[in-house]
Amino acid sequence: MSTYAYLGPSGTFTEAALRKITTDSDQLIPYANVTAALNAVRTGKAEFALVPIENSVEGVVARTLDELATGEPLVIVAEVTLPVTFALMTKPETVVINRIATHPHGESQCRTYIANNYPNAEVIATNSTAAAAEALSRGEFDAAIASPTAAAQYGLKIVADDIGDTQGAITRFVLASKPGTHPSPTGHDRTSLAAFIGRDHAGALLEVLTEFAVRGVNLTFIQSRPTGGELGQYHFIIDAEGHIDEARVGDALTGLRRICEDIRFLGSYARADKMEPTTPKNMNDRSFSESREWLSEVRNGRAT
Amino acid sequence: MSTYAYLGPSGTFTEAALRKITTDSDQLIPYANVTAALNAVRTGKAEFALVPIENSVEGVVARTLDELATGEPLVIVAEVTLPVTFALMTKPETVVINRIATHPHGESQCRTYIANNYPNAEVIATNSTAAAAEALSRGEFDAAIASPTAAAQYGLKIVADDIGDTQGAITRFVLASKPGTHPSPTGHDRTSLAAFIGRDHAGALLEVLTEFAVRGVNLTFIQSRPTGGELGQYHFIIDAEGHIDEARVGDALTGLRRICEDIRFLGSYARADKMEPTTPKNMNDRSFSESREWLSEVRNGRAT
Amino acid sequence: MSTYAYLGPSGTFTEAALRKITTDSDQLIPYANVTAALNAVRTGKAEFALVPIENSVEGVVARTLDELATGEPLVIVAEVTLPVTFALMTKPETVVINRIATHPHGESQCRTYIANNYPNAEVIATNSTAAAAEALSRGEFDAAIASPTAAAQYGLKIVADDIGDTQGAITRFVLASKPGTHPSPTGHDRTSLAAFIGRDHAGALLEVLTEFAVRGVNLTFIQSRPTGGELGQYHFIIDAEGHIDEARVGDALTGLRRICEDIRFLGSYARADKMEPTTPKNMNDRSFSESREWLSEVRNGRAT
Amino acid sequence: MSTYAYLGPSGTFTEAALRKITTDSDQLIPYANVTAALNAVRTGKAEFALVPIENSVEGVVARTLDELATGEPLVIVAEVTLPVTFALMTKPETVVINRIATHPHGESQCRTYIANNYPNAEVIATNSTAAAAEALSRGEFDAAIASPTAAAQYGLKIVADDIGDTQGAITRFVLASKPGTHPSPTGHDRTSLAAFIGRDHAGALLEVLTEFAVRGVNLTFIQSRPTGGELGQYHFIIDAEGHIDEARVGDALTGLRRICEDIRFLGSYARADKMEPTTPKNMNDRSFSESREWLSEVRNGRAT
């Protein structure tokens, strides 16, 4: 039995995502925001915290990136993805919908549906889609846009399902824990890190990427972020294919360590989409160990 | 006199930013969201639209990036930055504060202030900080967290100013117009573009960055974004130093055009911070024209 | 009718190579060494000079490289390759072979044959293999190792043909003329140049090669050479696939012009082996002109 | 006491170079050519062989490069440089000079002197400059152009010293031995290697050089050489700053091992010019070991 913090309240997409990786015996505690959920792990109140990191429509969750890159260190040990589906829900007896509550993201992702079906409805912002569902269950508003999970949780009726403008939208969540353990390689892993470069110059980022490229390590995500809350000084959040226990990834990290002002390891963990890296054969672990054995032989004068 | 669309409602930070670049005779029209504001330009209802693109605390505005990169083409013709300062405001006669309204971003950026001063207050989400101020002026809630501009606009009293957790936070806004004009180079310009790479491989992004580096063009921003609303297929939003009319920037763009599946020019415009690029001497316009003249001479057999 | 200088004397491999590209009406003048042959063009005594530049066994002809890179400018307008075949030849009546004359290169390339067949013969050095044949015809020595051409020229009998240790050895010759003309592209061209880098640093050569790589230009030869006859300061002699009139090659040269302390164009000419460059489709002339038209459209506001 | 093979005969520049690194008790054995001298080591007849590898005027000695790169493996354990000075010498009693003997390289390097002072003299080629001096001592010819060392050895009179056209010309010799030992790092070392790339493509050489550049390793020499005696298939002979026992050099070699079809280590040895590498601080051994310790800590969960 483990304790999991998550971005609450109960009924959010994050809770739905968390249920995919926990069992009934685990304890799930909602927190009001990303920082609070991560702090629960930092202070020992929870072993893990699940927070959203990237939404295919709304973009990255900057607070999550910043907390991981510059807050007290945590590492990602798992990722979960969840299709983002929105449902319009009411109390069972409701007939007329004049006031719809939802989180602003919910409104922005369901704009077309609302415009077509409830052009005259007033849309009221809530702190989360789950909060909209909860308030609806208490009699506020006429309807809520939230996840189907929330409807079940608050005894609401789904009037229309999958009403988001973008089909196939998903949210990626990461499970953070204190440094100290990392999951074993699975063959379809991702490694996240933050790279701080001292002074920006034409080619600074190029040097960072070259460290990956010479080891055949592919990147799946990159974003520059202002360091220290001000525009001007930047660091990079990078997701790379592979696991830190794999030679090419570890070697790339030592290279970054040498050329960056600072680097922070943010975790190696199985990809939710189970996609395997397209590692060239000459960059696998065997090739690395063979090349090091050869070097050792050459240094000892037993090979050329 | 020009017509400007902006992310409304009246009283938002965006309006405050817009007032920095417009005159009293210009017409300013608020729109409910980024897409609507940009569509006003696309449909000819406005000449320009000002929308936020990046907040040093909250991160990029994904909708703005996506609209520019994949929506009907617009180009950025100016940028404006605004320090993000939050004020707590009430109606002039208010004494007790139990219910505070603000946009969720306002809450997340003023969390420490609220916890220290109004630990028991209920925080209610609104669609924007300006909407909170407006509702407050109509008698809903006891207080609002919004920009000082909003207080002035709605006749509210500022109880505490500059209450954000992060000092020095700023928001960057971009002014978009239809393609067809771009501002002349100023010596401190930025060029934005979206680069779509066909298939991701170790080194695809490296090739993109190399096109800039070989021409001595420095980057100030980079972010990978999923193309088409799904995680997996990516494009890159890139800000580079310099102006498309400068030889090194234009040349880098032709290089990208050749190696990318697609590339979209998003505008060349003066940087709000007036920082000049650190272009090496051998990469200035004179060096480019000299090298091309030399090539022409060599091709004509008049030089070697 | 043209006048051709060549590395003499009459009967050398160079003359044999020259006969492949001249007609009976042309005038062929032998010179004692590479510098003298090239100077004949510089001073107007000849229109062209054919000199060896690279032998697959003996390596590059440094004098040719240095003359082209640092002497008074000439450009290569053609290349000729010749299989290097050595023959042992005598006067028709000779029976016993005790003294064999040849150029030191001839000796070094036929060492195995000599050791197996004439282990006790004395080998005498001459200034060229042709000089050995000529001296033999005057009654000096018992035999000569030279090209079959020389045997015909001096009325000698070939005792054994193709006696070189290395099968498939070839020599590459270049035809130099005054700058002012260069041959039209053939689709299988080579471009030669000398690149002088100011100060050597880790990556200086990398930058040079990157200029080629970003334009998809493959190299077929590279050699560092000390500049000014002293070890320590270097320049690079580079052969690249393609013709200076092709966009990607011309563009790469302008890039080199910008980053190198100096660059000298040494000619674009058809490859003797007629091998076509493996230019990726997105680096052909059409792709370059398309990308430049696009840039022009974007600069004029008619595209994005 | 050691046995040294060298490119003879006695009196050559190679012998003069060898005397700089041997003592009177060592045994010095001349061989007729580079291959024979190196074979003496391969067959155990000598412990070391000194052969020329590069002349600042005449260029590289291709046979030496090819023997080291593709012959039975040997490693370079030292290098010696020698200023190339030519002297005109005669028997003590000689007055008139009509016939001058020398190696073709001697003639080519003293062309101006001969043209100015003995315009009508016949120049006769010998197998080496020492052979010219030796023949002169036996009464053949009137004069010889050879090293001052040869004059002393054969009891000849130096008529004019330092008559080469190029001042400051030097020859670099390498001392080869069987693999098994290599000299300890001195702080001013050079590492030589041969890199075989499978198929040539735009960027193949770039990848090779990138392996050095990412570790801050500077190159001092590079030459492409046809593999197998035929033009078309290439390998590269590369000299890099630093010693294989240094982390950055060893690491670069493992990188090459992974990406090259084959790589051969040709030795790490002190530079004759004692020039120290300009290694950036973040690429020294300490930086490498620190980065590897960090990786180990991260892998064990004790750091991020």
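Going by the order they are written in, the chains are A, B, C and D; count residues from 1 in each one.
The rule is short, and it goes like this: a contact is a pair of C-beta atoms (placed from the backbone, for glycine too) under 8 Å apart; a residue touches a chain by one contact, two chains touch by 3 or more.
Bear in mind the structure is a predicted one, so any value in this text is a computation, not a measurement.
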Worksheet, complete the sentence: Going from chain A to chain C via touching chains takes a minimum number of steps equal to 2
Discussion item. Once the contact rule is applied, which chains count as partners of both chain B and chain C?
Written reply: none
Worksheet item: Distance-wise, how many Å sit between the C-alpha centres of chain A and chain B, to the nearest whole number?
Response: 24
Fill in: Distance from the mean Cα position of chain D to that of chain A, given in whole angstrom
57
Worksheet item: Just how far, in Å, is the C-alpha centre of chain D from the one of chain B?
Response: 60
Worksheet item: Hey, what residues on chain D touch two or more of the other chains?
Response: 210
Fill in: Pairs of chains, among all present, that meet the touch criterion
A-B, A-D, B-C, C-D
Item to complete: Enumerate the contact residues on chain A facing chain B in the complex.
Response: 33, 35, 54-63, 65-66, 81, 103-104, 107-108, 111, 123-127, 131, 166-170, 172, 200-203, 205-206, 209-210, 212-213, 216-226, 229-232, 234, 236, 273, 278, 280
Worksheet item: Can you list the residues on chain A that touch chain D in the complex?
Response: 73, 75, 179-182, 207, 210-211, 214, 244-245, 250, 253-255, 257-259, 264-266, 282-283, 287-288, 290-292, 294-295, 298-299, 301-304
